[in-house]
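The structure's right below; bear with me while I get my questions together.
We call the chains A, B, C and D, going by the order they appear; numbering starts again at 1 in every chain.
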Amino acid sequence: MSDTLGGHGSLSDYAVTDGLRTRFHIPEEWSFAIPKLVEWRDCDGFAHVNHTAYLSWYESLRNIYFEVLGHPRHAMNVPGPVMKHLETEYIRGLSYHTPICITGRTVSMRNTSMVMEYATWDEQGCCNWSTQLFVLIVNATGKKAPIPPELRAAIIALDHPEQS
Amino acid sequence: MSDTLGGHGSLSDYAVTDGLRTRFHIPEEWSFAIPKLVEWRDCDGFAHVNHTAYLSWYESLRNIYFEVLGHPRHAMNVPGPVMKHLETEYIRGLSYHTPICITGRTVSMRNTSMVMEYATWDEQGCCNWSTQLFVLIVNATGKKAPIPPELRAAIIALDHPEQS
Amino acid sequence: MSDTLGGHGSLSDYAVTDGLRTRFHIPEEWSFAIPKLVEWRDCDGFAHVNHTAYLSWYESLRNIYFEVLGHPRHAMNVPGPVMKHLETEYIRGLSYHTPICITGRTVSMRNTSMVMEYATWDEQGCCNWSTQLFVLIVNATGKKAPIPPELRAAIIALDHPEQS
Amino acid sequence: MSDTLGGHGSLSDYAVTDGLRTRFHIPEEWSFAIPKLVEWRDCDGFAHVNHTAYLSWYESLRNIYFEVLGHPRHAMNVPGPVMKHLETEYIRGLSYHTPICITGRTVSMRNTSMVMEYATWDEQGCCNWSTQLFVLIVNATGKKAPIPPELRAAIIALDHPEQS
């Protein structure tokens, strides 16, 4: 965590370094990562990660991704991503305190919507993968909003998503 | 909650009554339901239900569904459903303390796997829908197990799923 | 869950019935109860209830208690209870799908603050007990607010708390 | 996160550095810290940290504290801390994505029990403080166990707790 005002640091703090890429077998298409340990609160009664915990990790990564790319913090009058559809593949279970790496990237953007992919990696490779469709909504009005040009440009520079 | 040993009651306690069907606009194909209120702990910073809360509700319903149909409680040496894939459609947001009804049913069964559907209903109809693929695994060994014949029969009697 | 507008039912839906009192060994001083099953999402990696789950149950009960006693639902411009201090005694662990009963009551009120007690009961008696101090705050302004007279009267009628 | 087998790093990774001490106003008696951001999943419907989230943060810190001091990871046959009593003071609310620092230390040890303190700090100082009493229990048997001498020595070296 760097000492910037917001506290979330800058893009380089979330880079998939060569060390992470090698350790967790992360392919080239991923550029944004958060390494962490599986926490006790993520585990269920069999001491494995509960199926919802992956989605909370992806949410936390997404929130940082947006801010680090310059989008204003969640607020009622700011366009924010609202989940419309998600698909998740549970490839391999994870146990408590396993070192993991969470990655996220934007794979496509339209005017007011975007598709992001997320994955969880341990030292054997990919354990979990998710594709999620979001619409940008201004919470105070419930109205759709176009992806702001600055955010769009930052996402293009980082992830080279399809656009339509 | 009835006074049976297990505490979860019996199948009739989870029937989609005419009252629930009318109030929440639940179609005929659903037979198993849990009415509840949206809780504060299910809401996120915009006072809407977080996208993971629906999945926790479906998990709770699934656990009761299995037990009420006679399957033994989760334990290391008992075959239990392990999530392999889920797809969820977020149709309409929900706010705190809204009366809702959660429904679940089995839509298909193979030898060691099954597909279940879940939905969340408020008084305007369906808000959220999910399709989930499970494999039955004995946790202690990590081995797949066939769906026990008694459970299979009970599911067929309730939900008439496809079989293959 | 009754069919009232709010969905939370009325005070009589949360009475400690003779059946509950006997089954869960609940003493006379408790009048407000929610029976439930321990859920999978409340359990940690040893399949016991996590220490935070009790507090979430108490929060859910408290939210219903306030509404059933006529206080408006949580909103930015409505005085709501903000936690200042809590003390919790963990008496006996609980496992998954155990039938339990959650109780709550107000033990004292001042002008802008109140102390509530909560407890969790299984069929052997009290498993967990908590005392919590709240201040009523209007969230939009951060200002303390007196306990509204209607709420105060309803709490007195139900729980006979000390006043000062 | 260092590249050790366990993934949790070593004691020096959790030191209260001069930078952390100054930024978060952490007094000398604290030696073990985890800086982080308030996550969306920690916030409730008013976009403030829910009262249970602090306790989950303390739990996560405690789990790392024990392992970094050489105690074996949570397992059924390993003595682990079981919560008996907790007291928590909610001093000041926290909002989403605020940079914070969590600290923990052992303040006293007896034969089979210990008292730990935890605190949450933002850039204005202490927001939340908790004192928690644990008994060491072997989960598989439910029996109390003495604090292992190696763990005791490591805790003394780090935190200089009272002993009795």
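Here, a contact is a pair of C-beta atoms (placed from the backbone, for glycine too) under 8 Å apart; a residue touches a chain by one contact, two chains touch by 3 or more.
These numbers were taken from a predicted model, which means no experiment stands behind them.
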item	value
Chain whose Cα centroid lies at the greatest distance from that of subunit D	B
Higher-contact pair (C-beta pairs counted), B-D versus A-D	A-D
Chain centre separation (subunit A, subunit D; CA means) in Å	27
Distance between chain centroids, defined by C-alpha means - subunit B, subunit D (Å)	36
Touching two or more other chains - residues of subunit B	40-41, 45-47, 52, 56, 59, 74, 96
Subunit D to subunit B touching residues, read off their complex	40-41, 43-47, 50, 52, 96
Sites on subunit B touched by subunit C in the complex	1, 3, 6-8, 19, 23, 35-37, 39-41, 47, 56, 59-60, 63-64, 67, 73-74, 96-99
In the complex with subunit B, residue positions of subunit A that touch it	45-46, 51-52, 55-56, 59, 74, 76, 82-90, 93, 139
